[in-house]
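My questions all concern the structure below.
For reference, chains read A, B, C and D in written order, and residue numbers begin at 1 within each chain.
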Amino acid sequence: MGILEIKNVNKRFGGLKALTDVNLSVAENTVHAIIGPNGAGKSTLLNCLVGKLIPDTGSVMFDGQSVLGRTPYEINQMGISRVFQTPEIFGELTVMENMMIPCFAKRDGSFELNAITSIASQKDVREKAEHMLESMNLAEKRNMHAASMSRGDKRRLEIAMCLAQEPRLLLLDEPTAGMARADTNNTIDLLKQIKAERDITIAIIEHDMHVVFSLAERITVLAQGTPLVEDIPANIKGHPKVREAYLGETQVA
Amino acid sequence: MSNKFTRRGVLKTGAGAGAGLALPTIFTGNVWAAAHSGYTNAPQGSSVTLGFNVPQTGPYADEGADELRAFQLAVEHLNGEGDGGMISTFSSKTLQGNGIMGKKVEFVTGDTQTKSDAARASAKSMIEKDGAIMISGGSSSGVAVAVQGLCQEAGVIFMAGLTHSNDTTGKDKKANGFRHFFNAYMSGAALAPVLEKLYGKDRAAYHLTADYTWGWTQQESIQAATEAIGWKTINNVLTPLAQTDFSSYIAPVLNSGADVLVLNHYGGNMVNSLTNAVQFGLREKQVNGKNFEIVVPLYSELMAKGAGKNIAGIVGSQNWDWKLEDEGTKAFVQSFGTKYGFPPSQAAQTCYAQTLLYADAVERAKSFNPCAVAEALEGYEFDGLGNGKTLYRAEDHQCFKDVLVVRGAENPQDEFHLVEIVEVTPVGQVTYAPDHPMFAGGALGSCNPGA
Amino acid sequence: MLGLDKKDFTLLLVVAALVLLAPFILNPFPADSAMAQFNAGYPDLMQRFVIFGIFAIGFNILFGLTGYLSFGHAAFLGVGSYSAVWMFKLLSMNVIPAIILAVIVSGVFALVIGFVSLRRTGIYFSILTLAFAQMSFNLAYSVLTPITNGETGLQITLNDPRILGVSATAEGGIPVTNLFGLEMRGTEVLNIGPWAFQFNNGYYLCGVIMLIAFYISIRIFRSPFGLMLRAIKANKTRLNYTGLNTRPYALAAFVISGMYAGLAGGLLASMDPLAGAERMQWTASGEVVLMTILGGAGTLIGPVVGAGFIKYFENIFSKINESVLHGWFSFLPEGMENGVVWVTEHFVGPGWHLTLGLLFMLVVTFLPGGLVEGGQKLAGLFRRKSKSEAPDGAAQKHPAE
Amino acid sequence: MDAIILQLLNGLDKGSAYALIALGLTLIFGTLGVVNFAHGALFMIGAFCAVTLSKLFNISYETVDPTRKDFLGNPLKIKEPYLEHWFGHDLGATLIDWAVPLAILFSIPIMIAVGFIMERGLIKHFYKRPHADQILVTFGLAIVLQELIKHYYGANPLPTPAPAALTGSFDFGALIGFDPNVVIYPYWRLVYFAFAAVVIGAVFAFLQFTTFGMVVRAGMADRETVGLLGINIDKRFTIMFGIAAAVAGMAGVMYAPINSPNYHMGMDFLVLSFVVVVVGGMGSLPGAVAAGFLLGILESFASMNEIKSLLPGIDQIIIYLVAIIILLTRPRGLMGRKGVMEE
């Protein structure tokens, strides 16, 4: 029984079948990659997991509880954090402020009208945020506006913000898209380090095979909205079905 | 909070105080009162300041501009400049062209924006900052009642400009406030006999009424007056003030069995509702075997201009018209027309008359003290200001004088002859008892000198 | 100090000094000089400066921090005014209960409207608030006249059934608003040479309340709650994926700013016990939007500056008439005098709207971010010139300052 | 039944005015992403184009008639328009009479020019600025424009009648079997409705069937992509602004005989047109038109006595009430696209 169980999920947009009978199980404390050509339904699947979309049929269970019908923030409270393809950070705020927001947020997401105490006086929150920034090598940039950072830094900040919530499942949506090779390698190292340091399940959607094969413990190949193969990386590499699906799309590294 | 003058100001003040130019003096008391004179804003030195509070922005800006012209003219005449206008025809001969009690008349102006809030702010600044001892002007009853209340509190005299609601001298009357303009009740009383003569006793009226206090009192008055001559009232429909297109209110009129449409609207509302009614061809229709007629109880020259040809043949009432033949009117029209190139509106006349009446009352009371001035105005009878013999009734501070019934001209010789006078209704017909139910509910209170 | 960092505390001190010394600062010209026209140091206008300052500070907590643009905030101001006047009519002429009721009623009103309107974002939210406010205004002007006294505005009359206090004074006048006996209209006048400085009780009450309101707003800006609000403006999606429902935060900000508006409305009524319906019209809501943007949305002091700016124009420029202009320019030869007066006339008196419109355009075009940011840029420019070697300190902006 | 038909007619007519104004507004929203508070002012300038042309046609020379007196007792000056002098009395009078319809031709170049100047001179600097700044600058512009009009034309409404041939009313009821005089409708309002239908149809056809329109629609959907294709979308957007201004202006010209134009009529329509656009859904042209008609018709029905006696004051709030209900039940108005002006 995996921490994330996707059963018979179907989703259509008008006449277009985006997902057909998707069954997928992500085991706890593994790195699980979902790959597939453009339009295979990777992002649709991810959106179904986090409450942005609701599947037409099927079930999505996280740790034995259904996520369907819940809002994104409720699903996040269950322990699922998401990193977006284009980093979603608070661009107008400083890096430090960005980092403090998940540190302030209560695990149960409860509303808190903390309007009179000053941020400066919140020692433990600041320390936690500071610690997170340091571990991500962002400490010197703490007073920069987040929007003015490089894409790699933004990505690191976003991952740090997700980790600060100590999620049980981290969803990564093409975390290296549009990155230079050096940045990509840094991100791979970062994710490896994260995995080594804590008990966490990572589900990653990725285009870049280099990333996938560096990180994943299991890989699911999605094509035309349905899972084609699921196996360990070594078996995926030479799989004929995968080659077929990718033909002319991307070179398998 | 801060403006570009602040920093410079501190330096100047500091320099002035540091040099010890004069000993500081401190007066304590009400905002407006100088403790030693016994009343608010007692004129110091050789001049006296009046405050003219008129709409300068918004839909009534043209009316406000005309009021301001009249005020300026009145101030000139009081100060002995120009041809003297109605001072020479005024029955009281106290005004000598040497200002008021020998003090030169100065004035300040402000913008009411035709909003009660803004009007009060503007009047307050005249009283608090400029030391105005009398406030006049305005172009709506809401503003008049609001400013009248303020003047009562502050202890200055309010000489109302254009305000037609019964409430100004009815339930909202104040001891410090005076109205020269006629009111909704008088419109009804003056119109009814003329309507009977023109359209007969057997008529069915449909009312469209602006949905706010003035509209309601106007409708109530005209309904009472027309029902007294035997008319039936088919319906009274309230229309939102912000309405610009009245088609959906006018369309059902024809089929209602009514043969008269009464438009209890003013300003832009009236221009639009009348234009729409004429567009619908109401005036060419026959209902119950009679010509369909439209009545607009309160008329003004500016509205007539705005409605253009649509007003031809439509009956209404006015406080005054420049085509009257009395000496006061002639003198005023001559004076105003020579200076500005066109004849004055009724709003201008009422503001001019109010200024002269105030000045005269001060002269007669021999004091600027508002209580003395009020006493001089109460029960005062005068003539020569354009409306014939007039009484400022003591009980409610309302002027009683003849009222005009007018009609839109079919073929005006020029843009100044858009309306023609049908009848001058004598004052006796429009007089009512001070405790008339339409005016009941308020009290003048006692005069407040402010100190 | 007071839980503020040094910079904020200095700002608070400066504002406090400006408020307390306003009767001097706003009255720089001797009463008998031609420039006296520009003096703004009389009680009514000073009261308006601080009251509309409060209104704009509150609006800024919503708009400046969360980015939710409400086009209906005047409704809360109006509701506050009506509540206060009713309190004067029914309970007592003391301003304290009136102000408290104004804040509570407008808070409840804001809770209801905010709860519904915040179901949508962006322009849809703006139009929802606009619709609620316009409905309130239209009803207050017509159908609700028994409660609001419609066009004329709700006033105090001689026959109000006041429970604590008298309906009319011994002299037959209407009692005046007071703070435990201290009359709000009471003014001390200090004459120094040709200057007359007016110290008004009501102004100082409003001023002190404004300082408290300003202080609270600084605390909110610097609090975790304020950070959440700024996060809403910066990126709602990320906040959602951080497990937070943004609506309670936005609603709290909406209610707080509604209460600020109610406080402003209650104070307006306390200074001058009249509540006019047009206080609730969309143009009044638009005015506070303009004040905030003009001064600088999201900055602490900007909204107050914007409020002062607009109120100054409304009250000072509208009063400059032709004869005043002739007075100013009488030193010129007659032909030139008439020419100058003719040109100037278009921008003052009846033309004050034109000047205001032009200023809006100029400020927003050349000082993006409003007057405060413009001021900071100018100051930065000045500083750079004076010590060109020094590191550029002005560009390092304090967040949300 | 007759009352309902009557109000339906009224509603269609009001709706066509709302739809015309909202159409231009939503074009600017949709193409340029600009919140244009000066759009009402464009409508107002259009109406004043009609006033201006009628004034131009009435420019007169004066002859003195010593037998009659003016109000000061001086000899009366009789004015005769030059047009009547030049073209003979009949043709001249007809031209003057038809000033409003002719003003359509007069207004199109003026409005397009105004639109171009506005867009090139001011609005284009604000594309990348926050909506708040756009509101402030366009609101300032609206004030300036209306104050300029006030300065030259005064604050009072100016009567601008329709041609005599199109005044009076049409007995619509008799046509469909009611008694005469039951369902009558003014000719000019029928003209207005037809005119609105033509203009709306033309704008849609233009966007649907021309290459230019296609590019603009693509630009509305995704500006960046179209820009990447190497198409100069900015130039086309300028032209769209001109078209939007012309549509607003023509709506104003034709509206002049219905309500005498005054300088603040633009502000009166501003809030309403925003409500219409938002109820229709941001960035949706059919939505704006549908919402215009919907609100016009509902407003007309709300003013019926039968409904008013049931719900007093309903006509004061109906538009806002409907807006609230629609926005709460349909998140993006009737036909709004996702993500447009939601932040």
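Throughout what follows, a residue touches a chain if its C-beta (ideal position, glycine included) is under 8 Å from a C-beta of that chain, and two chains touch if they have at least 3 such contacts.
No experiment lies behind these values; they were computed from the predicted model shown.
S.K.: Quickly list, by label, the chains bordering both chain C and chain D.
M.R.: Correct list: B.
S.K.: Tell me, which chains sit next to both chain B and chain D?
M.R.: Correct list: C.
S.K.: Based on mean C-alpha positions, I'd like to know which chain lies farthest from chain A.
M.R.: Farthest by centroid: B.
S.K.: What chain sits nearest the middle when you go by CA atom centres?
M.R.: Looking at where each chain's C-alpha mean falls, the closest to the middle is C.
S.K.: Can you pull out the chain pair that has more C-beta pairs in contact than any other?
M.R.: Per chain pair, the contact count peaks at B-C.
S.K.: So, what's the distance in Å between the C-alpha centres of chain B and chain A?
M.R.: The answer is 73 Å.
S.K.: With chain centres defined as C-alpha means, what is the inter-centre distance between chain B and chain C in Å?
M.R.: Going by mean C-alpha positions, chain B sits 32 Å from chain C.
S.K.: Quick one: report the Å distance separating chain A from chain C, using the average Cα coordinate of each chain.
M.R.: The separation of the two C-alpha centroids amounts to 46 Å.
S.K.: Please tell me the distance, in whole Å, between the geometric centres of chain A and chain D computed from their C-alpha atoms.
M.R.: 51
S.K.: Send over the residues of chain C in touch with two or more other chains.
M.R.: Only 138, 141-143, 353 qualify.
S.K.: If a residue has to touch 2 or more other chains to count, which residues of chain A qualify?
M.R.: Nothing qualifies.
S.K.: Multi-chain contacts in chain B: which residues touch at least two other chains?
M.R.: Within chain B, residues 61, 211, 238, 240, 242 contact more than one other chain.
S.K.: Pull out all the chain pairs that touch, please.
M.R.: In this structure, the chains touch in these pairs: A-C, B-C, B-D, C-D.
S.K.: Can you check the complex and tell me which residues of chain C touch chain D?
M.R.: 63, 67, 69, 116, 119-124, 127-128, 130-132, 134-135, 138-139, 141-143, 236, 282-283, 286, 289-290, 293-294, 297, 346, 351, 353-354, 356-361, 363-365, 368
S.K.: Touching chain C in the complex: which residues of chain D?
M.R.: Touch residues, chain D against chain C: 35, 122, 125, 129, 131-133, 135-137, 139-144, 147-148, 151, 267, 271, 274-275, 278-279, 282, 312-313, 316-317, 319-321, 323-324, 327-328, 331-333, 341-343.
S.K.: Within the complex, which stretch of chain B touches chain D?
M.R.: Its residues touching chain D are 58-63, 211, 235, 237-240, 242, 244-245, 247-249, 251-252, 254-255, 268, 271-272, 275-276, 279-281, 284-285, 287, 302, 305-310, 322-323, 333-334, 337-338, 342-343, 413-414, 416.
S.K.: What does chain B use to touch chain C in their complex?
M.R.: Against chain C, chain B makes touches at 1-3, 5-6, 8-10, 12-13, 16-17, 21-22, 24-32, 56-57, 61, 64-65, 68, 72, 107-111, 115-118, 120-122, 124-126, 128-129, 140-142, 145-146, 149-150, 152-153, 167, 172, 211-214, 238, 240-242, 442-443, 445-446, 448.
S.K.: Would you mind writing out the residues of chain C in touch with chain B in their complex?
M.R.: Listed in rising order, the residues are 15, 18-19, 21-22, 24-30, 38-40, 42-45, 48-50, 53, 138, 141-143, 145, 149-153, 155, 157-159, 168, 171-174, 176, 183, 185-195, 198, 200, 272, 274, 276, 278-279, 304-305, 307-309, 312, 314-315, 318-319, 321, 323, 349-350, 352-353.
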